[in-house]
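Please go over the structures that come below.
Common to both upcoming complexes is subunit A, partnered first by subunit B, then by subunit C.
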Partner chain A sequence: MSSTASKLSALALFLVVAFLLVPWLIAVSGRSDLYYTLTSVALLSIASAGVWLTFFIGRINIGQGAYALLGGYVSAILVTVGGVSFWLSLPLAGLLCAGLSILIGLPILRLRGVYFAMVTLVLTEVARLAALAVPLTNGARGITDIPPPGPIRLFGVTLLPDFATLANPRQAFYFVAVTLMVLVFAGVYRLVHSRIGQLCLSLQQNEELASSIGVNIAELRIIAYAISSFLGGIGGAMFVAIAQSIYPSSFAVTDSVNFMLNCFLGGLGYVVGPVVGTFVLYFGWDFLFRTGAFQLLIYSMVLIALMVALPNGILSLFAPRRKES
Partner chain B sequence: MAELLEVKSLTKRFGGLVAVNGISFFVREGEILSVIGPNGAGKSTLFKLIASFMRPSDGEVLLRGARISGLAPHIVARAGVVRTFQETTIFKGMSVRDNVIIAHHLRSRASLLGFYAGSKSARADESDFARSADEILDFLGLGAIASQLASTLPQGHLRALGIAIGLATNPTILLLDEPFAGMNHDETRRAVQLVRAVRERGVTILLVEHDMPAVMKISDRIVVLNFGEKIAEGTPSEIQENPRVIEAYLGSADESIGM
Partner chain C sequence: MTQVIVNGLYLGAQYALIALGLTLIFALMNVLNFAHGQMYVFGGFITYTVYGQLHLPFVVALACSGVTLAIIGGLFERLLFRTVIRRSVRDESTMLLAAGTAFFLDAVILLLFGEKQRGVPKIINGVLNVDWLIMPYDKIAVGVIALVLIASFMAYMQFSRPGRAMRALAQDRVAAQLMGVNVDRYSMIGFALGAMLAGVVGGLLVAITGVNSGIGGPISIKAFLMVMIGGAGVVGGAIAGGFILGMLESVGLSVLHAHGDITYLVIFAALMVFLSIRPNGLMGKPWG
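And now, the complex of A and B:
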């Protein structure tokens, strides 16, 4: 029980820091640009959580950028062309990504190891080219001037105000993104610590044995991949709402690779690994900006060093080993 | 004893090579039937065909008269035909106990969604599985090492864990792939007792094995394969005297068939 208590207090601490301390620090220092950075971290870590889930069933997924791009476009088109509320377009974008990922996953999830990774890598490029070619996406000019999210009203009560009327929309986006992130990771945590998590783990470790004890491995792989793509879709859709624009290059192969690196860096054995990984990678990259031409060089070398020194991720520093059952 | 599993003119071709050629036999309820044969005789292929990890080119496998060949492996497992693996195939990153608990998956009454939400039947499943896993581990003498990480076990225990995983699925018929391979005399003796004890639990056993003395000791009946064809079938003493079997094993005949 004590581990449950310590996890709950860690969550409480995180909520206090994210919702009270960070806004206060930003107000004091006047660095309201940090809201944008932190919002990005929250949203990118949602998409990375999806990649983490595919790692969890033993698949290296370098294609999350495709679903982030698709989710972004679906939301952008629904809002600008369909006049749909952004808050409705968000789950719709996720569901459409999940649906498409089932069709794509059926054939490609039979592949393992580097073969699966290669196909997913190509997916991102396919998504970019499709966005360039399809008339609905407006080609290379992209979709711009997307209106900010409208209000959420339920039974006449305004749950969330219209973002266009807010004095500080950056802060509002930050709160929404962090809330969404907490919900997503709570959901994934529950998944991993239920029997489904054990089944996924059995899949990760030996698919043949898993199917010989009666696990429907094809179904489980599809479910995990669909959830993964759902998270990519809502992450992308949220991002587009903040940027108020989307282009075919909004999510590219680099982003897909970064989603994967976030998971590696944070730690594949920890549900919150993607959050830590995204945070460190995103801030690390920004921090190295002042080194100018050496930015990429130093960044890559630090990454390599980190992976050699901490193959199980940054979080392995704090917990000696993943707890048993 | 009633016929449980029937293999009917089963054939598997890989290109021009016929690995299994028109093999027919049946397994009776509650017996221990061994399939033996020199290297390359098609034993492993036959096993994969029965457990439906491979589709036959011809012929079929029937469980209590119903065709199971061509179905997905997890469906066949659900029907009660469960295989263990030749190598020490286990879930390496889990504890011994978790290995056995997860293998109870077939028995779960709750749906995946039920497990996610922690429904009443899911919680009942969890406690049932844990109890049954402990019982199986004690039965196989693994109780003391239940919390160890599976990858740290010595070979003898790994083999027992493989059988524990098979048992946890509550099989009607358990297919054991070379359960005695690489074991010394003492380990083999213990493993033979173990397999007998499993049969006493009401599980029919079909095993593929190289270790002739062990096979002669443990089997009710034996099927002998050579070059993908069945060359003999009978009780251990019948097999030992069969001239075709002796011929197939010629060279080291006396020693290798345990006479």
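And now, the complex of A and C:
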């Protein structure tokens, strides 16, 4: 079950489905709007992967919306004001989020349990207020008309074409987002199964004990939180590039809570849990759109029912009695 | 300046009541009640309906809010939280459930009461106007009711039998069970009581500020702030946190209003510094 071969084949199957089957199905059915939905799922699950990583060190993070918003604004300002290429602004946004998260994390990562959860939730609200108050972000009007990502050229070879010239930019965004998602989750998987991952697991179980054996818990949790925020930042920046606009309300408390729900719903014990959770939640919400006024009611009732029936996540269905890291 | 301090005290009394409910639920069940703000809004709308639409006395409306929310809280605990707490591997799983109930209440509120801002006629007309203070009578009345409620809640927790049982539960669940405390029953009573407090404050404040369906989330966030300042799961901490936040908000609004809407940014920055010195708030338990 946990052999490398079966995991590699599952990855190959996913790649075939994502890059061949899905575009083909969309081309056949003509529903190119699905590209946007799937791209959103991919990007939101990247941000959720960050939240999952903080769960992995035993912290409940409801502040990912703050970093997604920050990443989005950094990228938007770099592109519109600084004239930087989007593809350069993407890692810059992530790095800035990671840097800031180290500063914020130093005091707040000492908190545990609900204290950490509450302080990160407040952080999301603060990010929104800051975006409203700082002059650079243009207040409530936000930043609009962000140009689409330009080309990537390396030694004269065009690796990625200019998105403005593409006939089907949605498809291109979809491919980029899914590629990014696969890379992120491969990275997280690698991290979780590395030595650092094992140490993080010890943090999740008992910080005092880990510390008494000589694990540098302060450094580890800062690393995990910085990576988490990095993922939030690039997720947000990419999202802004697709929407071509950003407002202080682009990522609010609801989004932060949703990032956390994605992780819970997929299952906290599984690296790909955030993908499953995001997919189910996002499509569930979209699917219920036709129920009109009852959308939120049905959605929340399904959520509650899922939680009561499967308190350990959807993926726990497939692996009963097995606790995977 | 007196004006600012009295305003702060008035705000603080409201906030302390909200934080008390949240901290009670947390102390008993280790559940962070995301739906607290929504319960507050629900209580507000019930008072609006009973007092504003049916024209029954304000006190009856408050009682209706309290009783309805107590029933909702009790049902939530009995049907949902108890099951999930028993069956999940990690106790954080209740957070998803709590968020789910928050969405659920949001949806119910939207369907039942719509999305308009609602207010009710003043409960008492007139303004107290002495040379050092200007304060409408209804604000004074609401503040006094809030203080009385806080005092009676503390007395209830201190002297009554259920209150003693709940304090025992908060201190040590297993030990309380061994001493013969009916854990399930008092968890439910505690959850109902916490929800009731949220409902009553909602009802109280509808007389001053009105209510709309969107303020649930911000109220929850404020409640979290207070609990963080005072320390989670401690009655005294919630009250202290409520009054401190009320005071900070009142002073902050009057001092910083020239610089725009940055009061909460400043409060948050101060909170970060404070939490790095005292991670458990003023009087919280070492374990969150």
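Throughout what follows, the second predicted complex is superposed on the first by the 318 of 325 C-alpha atoms of A that agree within 3 Å, B and C clash if a C-alpha of one lies under 4 Å from a C-alpha of the other, contacts with A are read in each partner's own complex, and residues count from 1 in each chain.
The criterion applied here is as follows: a residue touches a chain if its C-beta (ideal position, glycine included) is under 8 Å from a C-beta of that chain, and two chains touch if they have at least 3 such contacts.
What you see is a predicted model, and the numbers here were worked out from it, not measured in a lab.
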Handout entry: subunit C versus subunit B on the shared subunit A, clash or fit after superposition
Key = fit
Practice task
In the overlay, answer first, second, both or neither for which of subunit B and subunit C A:L13 touches.
Solution key: neither
Practice task
For A:V257, select first, second, both or neither according to whether it touches subunit B, subunit C, the two together, or no partner.
Solution key: second
Practice task
Return first, second, both or neither, reflecting whether A:I196 touches subunit B, subunit C, both chains, or no partner chain.
Solution key: first
Exercise for the section: With the two complexes superposed on chain A, say which partner A:L136 touches: subunit B (first), subunit C (second), both, or neither. Expected result: neither
Practice task
Give the label of whichever partner, subunit B or subunit C, reaches more residues of subunit A.
Solution key: C
Exercise for the section: Answer with first, second, both or neither: which of subunit B and subunit C does A:L21 touch in the superposed model? Expected result: neither
Exercise for the section: Identify the partner contact of A:L183: answer first if only subunit B is touched, second if only subunit C is, both if each is, neither if none is. Expected result: neither
Practice task
Write the angle, vertex at the C-alpha centre of subunit A, between the C-alpha centres of subunit B and subunit C, to the nearest 10 degrees.
Solution key: 70
Practice task
Would you sort A:Q205 into first (subunit B), second (subunit C), both or neither based on which partner it touches?
Solution key: first
Handout entry: Partner chain(s) touched by A:V215 [first = subunit B, second = subunit C, both, neither]
Key = first
Practice task
Mind working out whether A:L166 is in touch with subunit B, subunit C, both or neither, as first, second, both or neither?
Solution key: neither
Completion exercise
Shortest Cα gap between subunit B and subunit C in the overlay, whole Å, is 10
Practice task
Report the residues of subunit A in contact with subunit B in the complex, numbered from low to high.
Solution key: 190-191, 194-196, 198-199, 201-202, 204-206, 208-209, 211-218, 223, 324-325
Practice task
Spell out the residues on subunit B that touch subunit A in their complex, using ranges where they run on.
Solution key: 51, 53, 72-74, 77-78, 82-85, 89-95, 97-98, 101-103, 105-106, 108, 110, 112, 115-116, 118, 122, 125-126, 147, 165, 168-169
Exercise for the section: Mind listing the subunit C positions that touch subunit A in their complex? Expected result: 26, 30, 32, 34, 80, 83-84, 87-90, 92-93, 95-97, 99-101, 103-104, 106-108, 110-111, 217-218, 221, 224-225, 227-228, 232, 260-262, 264-265, 268, 271-273, 275-276, 279-281, 284, 287-288
Completion exercise
Within the complex, subunit C is touched by subunit A residues 55, 60, 104, 106-108, 110-119, 121-123, 125-126, 129-130, 132-133, 253-254, 257, 260-261, 264-265, 268-269, 293-297, 299-301, 303-304, 307-308, 311-312, 323
